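The following pair of complexes shares a single chain, chain A, combined with chain B in the former and chain C in the latter.
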Partner chain A sequence: MSPDRLGAAAQTRGLGHGVPVGRARARRVRSPGGTEERVELAELGERVPGEAGTGRVPSAPGGTGQGGRPEAGSPAVSGWGAPARYEARSVTKSFNGAIVLDDVSVTLEPHEVHTLVGENGAGKSTLFKILSGLYTPDSGRLELGGETLGDLTPRSALGLGIYLVPQEPKLMAHLSAAENLYVGILPRRRVRLLVNWRQVHREAATYFERVGLQIDPATPAREMSIAQQQLLECARALVHRCRVILFDEPTSPLTTHETEILFGLMRQLRDAGLAIGFISHRLDEVLEVSDRVEVLRDGRLVASLRRGEATRDGLVSAMIGREIGVRTRVRRTSDVTERREVLRVESLTSEPIFRDVSFALESHEVVGVAGLVGSGRTEIAEAIFGLRAADSGRVAIDGRVLERRSPRACIEAGLVYLPEDRARHGIFSEVEITRNVTAGTIPRLPRRWGLIRQREEQELAAASAARTSVRMQSLEVAIATLSGGNQQRAMFSRWLLAEPRVAILDEPTRGVDIGAKDDIYDIISDLAASGLACLIISSELEELCLTCDRVLVVYEGAIVGELRGEEITAARLGELVVGGSSS
Partner chain B sequence: MSAVAGSLTSRRTFLPTRALWARLVRLRELQLLLAMAVVVAVSAVLHPDFVSSSNVSFMLADSSVTATLAIGQTLVILGKGIDLSVAPILGIAAIVVGFPAQNHGLPLAVALVIVMGVGIVLGVGNGILVSWARIPPIITTLATLSVYGGLQFIIANGQEVVNIPNFYDTFGNSDLVPGVPWALLAAVGLALVVWLFLRQTNLGRSIYAVGNDADAAHRSGIPVQRIIFLTYVLCGFLAGIAGLIYLCHTGSADSTTGTDSNVELTSIAATLIGGTTLTGGRGGVIGSVLGAIFLSIALTAMVFARIPPIWEPAGVGGLILLAMVTDRHSGNLGSGGPRRVGRRH
Partner chain C sequence: MAALLSAPPAQRRSRTATSSERRRDRIWVMALAVVLGVEILYFSIAVSGFFGGGSGLLSLTEQFLDVGVIALGEAAVILAGEIDLSAGTMSSLSGITMAVLWRQGMEIWVAVLVALAISGAIGLLNGLIITVFKVDSLLVTLASQFILGAVATALGGGSPPYGFPGSFVSIAGTGTVGPVPDQLIVFAVLAAGVAIAIGRTRMGRSLALIGYNRPAARWSGIRVDRTVVGAFVASAFMAGISGILVSGLYNAARNDIGDSLLLPAITVVVLGGVDIFGGRGRISGVIIATFVLGFLTEGMLVAGDSSLSATMVTGILLIVCLVFKIGLERRGGSDVLGAVRRRAERLRHLGPGAGAPPAVGDELP
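Then we have the complex of A and B:
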């Protein structure tokens, strides 16, 4: 499928749910009540004098937290600053002596989606963090619209209209979704000081719709899934009047559907003159959406390709330096006679999220769970593992019903869970990699006189981390200093070390580059061959097709279908996850 | 709409609006009012004097010092800090205006301006150490607790305020209507202003944002260190005002005023009982004022019940623990595990 056709498809879909497409401009509209003003996207037409086109003077907002941006008080929707080219010139950055970015220059043009690809740890996120003011480069400079920027902070970057949607979304847990969207620039009433909460909630809902996030704006952020948080971060880029938006792996927790909505939005923003930065490890996505692709390898730019020039194989060999064929499904032929049931879930219910979920898992078996964001797939896993209260239902491991489920009881019974939101539920961010990897195995670590033997602990961690080839300077640094994909590999190593008999893997390869992904699939496949029962929850249908013997489809909190063996195709799954019939 | 509706909607992803009564029961403010009603009712039955207007007035006036301190403490705790130095700030403010009031009849309005100034200056000291020098709040204010305490000693120079002009006493000990002392009105007035500030301004909301997650707030363009600085200044400011209320209410001040009765701990207790969590980002100032009033009522009730005063600290401790337990049971606790939902199986 040509990129153009895909683009057209996405735009049509955009029209379908009320997202304006085409060249958008800002228009100030007076609402019927006459008390508030609202700026809406309007389609086509020449510029309104004094509006969108005039742009914003590139100056950092000063003063107190009260309404940093000049227009902050006025209820805000998008009126973007003048389109501007954003350049990084010869940027170099090192951490503790290790060079992470080496003389990198990139130019983000307005009207373009500019994509970075590269292995885990190549320096992509670091570059985006520099561009958005989170890190300061050791040398080199940043230029926006030809003007050199001084010391950039996230605050001054936002003032200039530069926003980063980070790899790990981070919201304020106890504040509502709506407030998280507007934090710092809550729209105010005519009486300039006071926040207009009604407007906050109403307009938040329209922003959420534009990014495809279906959620009650009053929901506290702590109850949102990682995909929902990610979409909220995207919506926030619209609220700030941005002209450069950097998306760091926004699609990693999203399924094709949410991804298409997001791409529709990205194209629409691009067409409105924004410069869009994008990072992803899903290469078909990259080819679909990018106008320009640049490849980072070990902190250097090794290739720069325009739309049409880039191919999957070209990108892969530039990224990794070797070819990786398109993986095909490996059919395991395990001896059926030695199979036995290890996990049984009976009518598990947790209203209003999911109900009456029943299935069984046998040894030597890899079972997938497919479902949209918000379908309840993660919540089901959490309920099985005892992280989430269930209203009713039973879970049995090896035929023994777990009465009071808790993570500890599950681990002792041989079940491990790899959570999808590694930042919040997985890593101990300030703790060394060693202890992060052994965290699931503490009672079984080698001891002398009751004390853990550090050397052997480290050897165990090293061996386990080597299986997923975590790229790190040393095992004894805080895991927070690893790149996102490497943190994910370390999490995977943690449960490898735990040697479970049943594993629930929620997005096992989220943010992992394509070379390491194949390694992980091989590991899963080997372990299954030697008896592991494995439940894989994934947004990537392709992943399920490659690894699973069976796939359960979850739709709106219920299992609505099951595919086996050769039936498992991305197309079939794609139909089922949106509620298509399973005939 | 259809495409989205088909894919993502799921009415179910909307959490159902919890039943109104269920939400109300979880409101710490209501829980406190209820608890107060119970304590008052029981004490009134046993000792009718408990609800005499003079006793009510005394309890409320007494609580207004704690309440004013707790308002400031709440601001700091919401921003994930803590201020142990409010006791000497209160003490310094009280003696700095106490001597001129005693010796020269310093007008109340001038005294108010002076205590505000004193509070702000000392609060700025804390603010600089925490937000600029990045010293952890508990260490900073533990240190300034001693430093400011020493300062108070030096300023007092061994002397005491024992005799304040009548109009001070009138403000500190008389009622607007029987049972409603002026001092409490002052505290409630301050609480309402701060409540509005916290709820309805970007600056106020930024305090919550910083307390929830300073990194996320930083990334969202909030000037985190400036906000933290501001909370300490406001806390100092309010502690200064509390010093004046204290002076008017008790009519005395000396070199250990404030520190000797551990008002910093009482203010933290009132804040915690009021539902603000030590982990930051949750809670509010109305709860803290109610917490202060509740403490005062409960401690007075203990006196009426003839429980010896040495049990008073234990009473405060018990109430803090009780508040935390209620928190956990109403699913309110901030520091709990990931996505802990209600009861667990």
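Then we have the complex of A and C:
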């Protein structure tokens, strides 16, 4: 069937109107074997809410012949792309003898957002990887629309309409948004070697519009924010006409505002009949968006709750297997009498990212910085720490102005910085814990004749790791073997060795599970109690409410508000970070 | 946990549960030592004239220690995740500078010191250009390789100086202490110095961390630029020493062999188990690899093979070793079979339609 005829067919179905949503087009897709080509009709408007009841437009006759794949032609999937239930039955998976998933059964229903919660290492991501064909289960089976799937590979999963949006979107950094959207399936002109870039960009733009991604299709992926990259992944799922989309912890790098956009899209896809899988550590958003919540603990399914049945406390106790009291915020401001200023930042400016930033921190104080990703909050911290050149402004630590700021000089003066991106800027993943812990204070390590005394170094590292309760087999294993929470504790112990006066903590609980999160709050509050001034940068407004005595709000590179004590509520912060008035 | 750490049982366990990375590095060094033993044994039995007793064997080392000395400096640079391509011609320039100064009437040992100082200064310049202007070290040192080579040729002229004083030739060149050649003693001292410097000084510690994860090193307050410059100074300095040793060995300044020293030196570093992308590696491996490669080349030459076939065997050895090493210690891998399996799995995941291709996206800022 020629593309022309397909176009005509689309017209007769009345889908040719209303550019861009109703545009129909033909594209050629290589079947997995690469031997035959199927021509399929992609209807951009097919999953708009309201059309969901009619299901998806069956593809052209050639479309169901999927080159010898087990599902080809079977009745259950002949309406290719129709809403289907996706089930994992008694799935078990172990790595190197450690059981990660133990007899787990889950069902993803169409028209539902299905959420998995659990601590780090509970097996959530592993389950999603099995569902998307990245891992093969040791036992158990997968069923899509009642049909048992054979060996699922990422490729065949995609063919069946199952898409995994990974934790960190993996786009090709140097390709444009549009090229990333169509990786492997670039629509071509009738002369098949050539790509019709105008058409590609036009169609990409319509997909981007559907997922709420406001971006020029020609933008290279490396210039896109994480939120934008995730939306692009969603658009890819649409391009592939997926009916099951799995989101592996998509919201952890997103701000509240970006999260809302993503949730809007997830609901829209759900209403269109897709089965949505979702993993998150943030229970409030889990409760907000989920139709069903299942709790994994140590590789087993321990609870399955429908919307309405699930409560925050219930989930938490199911996740950690014990009851925990709701954490209340700690306010130290009033208790401490003896306080002095330890950090002063004056009119720090680095155009065009931020300007005229001034604030001060006192000892014993925990101050938050709230702001959207891109508001300049991390950049301000980096400029203070000497990682980024500032146009003007001064930074004083303990009353002494640092003339030439560099990380080394800041550490010597008593300022440390816990980076946001632990894997890139924090840990040396293949290096032993000892050397990771002492990496920030190499010049101060005990030496004799200029040589580092390794035994004493190890004792120092052990003592510091003990202060933050790093859980580990030994100090001599690579830090990558630790869980996220323990890596973060090791980072805290690194900076404890520097005996800091001020600590800038950038997303201190990113990639850390709930139980460990509380421990990190405890560490922070202990440190503050011992006199350290902490500046916490966080996307999680709740976290700021919980830990901070004061919160500075950054919007488009300027401090636009400050909340104190009882004024600090998630609602107020949420308003301010998007530029709302502070009145 | 605090109790766990301070209690003796935990301490004892920490000694056995060393990181698998370290264990694999140790295995690699031991494997190299075994290869060295087998190699010497083979040549001694199969090639007549190779085994001239213990002292004969030791005197053979004079033929390749110049490569080893360059490799020691190059190892520092590679550990930091950079590369120094100028080390070969640096060696030539140092020898020529020393010889020319001596012919001009300078005391020979003063000339040696001046030549070494100039070497260090050139390394400093290399390092500064790389760190200040953020140019890739591969390109900067490629350029300086040409410049240094040209200057060495010009300084040496048609007939480079030869016939140095006997005291110099005996100490820097062909002299021996008992059966042990002076050059081997010099190499041993330098090797021990570099090994200790890398393992136990602030600079060495920083160097490896920079190689593992440069942004994290910067974020941790390590003076990245300064340390990298230091590595280039060390490399140029070692190359300078190598140039002096070459002059002593041949009793003549040579401006023609610098180029032929560089690639063997890099080969030795990589063969010694240093990750070409920085971070991992042990100087002990580099030291043993010097002898593995050196005896291999000398053995083949003694056996009458042409130096071309010796070079070819070097290449084959390097590839075989690296393939084996990747199996043994690919990052995150714990065993050879596991690495192969993972590789196969990754291949299976590849393919345009199969979700986002891995790895490439890692480059995203």
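Just so we're on the same page, the second predicted complex is superposed on the first by the 338 of 583 C-alpha atoms of A that agree within 3 Å, B and C clash if a C-alpha of one lies under 4 Å from a C-alpha of the other, contacts with A are read in each partner's own complex, and residues count from 1 in each chain.
We adopt the following convention: contacts are C-beta pairs under 8 Å (C-beta built on N, C-alpha and C of every residue); 3 or more make two chains touch, one makes a residue touch a chain.
Model, not experiment: these values are computed from the prediction.
Participant: Thinking of the overlay built on chain A, is A:Glu556 touched by chain B (first), by chain C (second), by both, or by neither?
Facilitator: So A:Glu556 only meets chain B here.
Participant: Check whether A:Arg89 is in contact with chain B, with chain C, with both or with neither, and answer first, second, both or neither.
Facilitator: neither
Participant: So, A:Ala390: does it touch chain B (first), chain C (second), both, or neither?
Facilitator: first
Participant: Between chain B (first) and chain C (second), which does A:Val470 come into contact with in this model arrangement: first, second, both, or neither?
Facilitator: The answer is second: A:Val470 touches chain C but not chain B.
Participant: Please indicate which partner A:His201 is in contact with in the superposed arrangement: first for chain B, second for chain C, both, or neither.
Facilitator: In the superposition, A:His201 contacts neither chain B nor chain C.
Participant: Pick one for A:Ala462: touches chain B only (first), chain C only (second), both, or neither.
Facilitator: second
Participant: Does the superposition put A:Glu209 against chain B (first), chain C (second), both, or neither?
Facilitator: First partner only.
Participant: Just to be sure I read the superposition right, which of the two partners does A:Leu171 touch: chain B = first, chain C = second, or both, or neither?
Facilitator: In the superposition, A:Leu171 contacts both chain B and chain C.
Participant: Look at A:Val578 in the shared chain and tell me whether it touches chain B only, chain C only, both, or neither; answer first, second, both or neither.
Facilitator: The first partner, chain B, only.
Participant: Check chain A for residues that touch chain B in one structure and chain C in the other, and list them.
Facilitator: 134, 154-155, 157-159, 164, 166, 170-174, 183-185, 222, 236, 240, 387, 406, 424-425
Participant: Which of the residues in chain A come into contact with chain C in the complex?
Facilitator: Its residues touching chain C are 29-30, 32, 96, 132-134, 153-155, 157-159, 163-164, 166, 168-174, 183-185, 221-222, 229, 233, 236, 240, 387, 406-408, 410-411, 417, 419, 424-432, 435, 439-440, 442-443, 445, 447, 450-452, 454, 462-463, 465-467, 469-471, 473-478, 480, 494.
Participant: Once bound in the complex, which stretches of chain C touch chain A?
Facilitator: Listed in rising order, the residues of chain C that touch chain A are 1-2, 5-6, 10, 13-15, 17-22, 196, 200-202, 205-206, 208-209, 212-213, 215-223, 279-280, 331-332, 334, 348-349, 351-358, 360-365.
Participant: What residues on chain A touch chain B, complex-wise?
Facilitator: 13, 16-18, 61, 64-68, 72, 134, 154-155, 157-159, 164, 166, 170-175, 179, 183-186, 188, 193-195, 209, 212-216, 219, 222-223, 236, 240, 257-258, 261, 352-353, 372-376, 382, 386-390, 404-406, 424-425, 556-557, 578-579
Participant: For chain B, which residues are in contact with chain A within the complex?
Facilitator: Residues in contact with chain A: 1-10, 12-16, 196, 199-203, 205-206, 208-209, 212-213, 215-223, 226-227, 281-282, 334, 337-339, 341-345.
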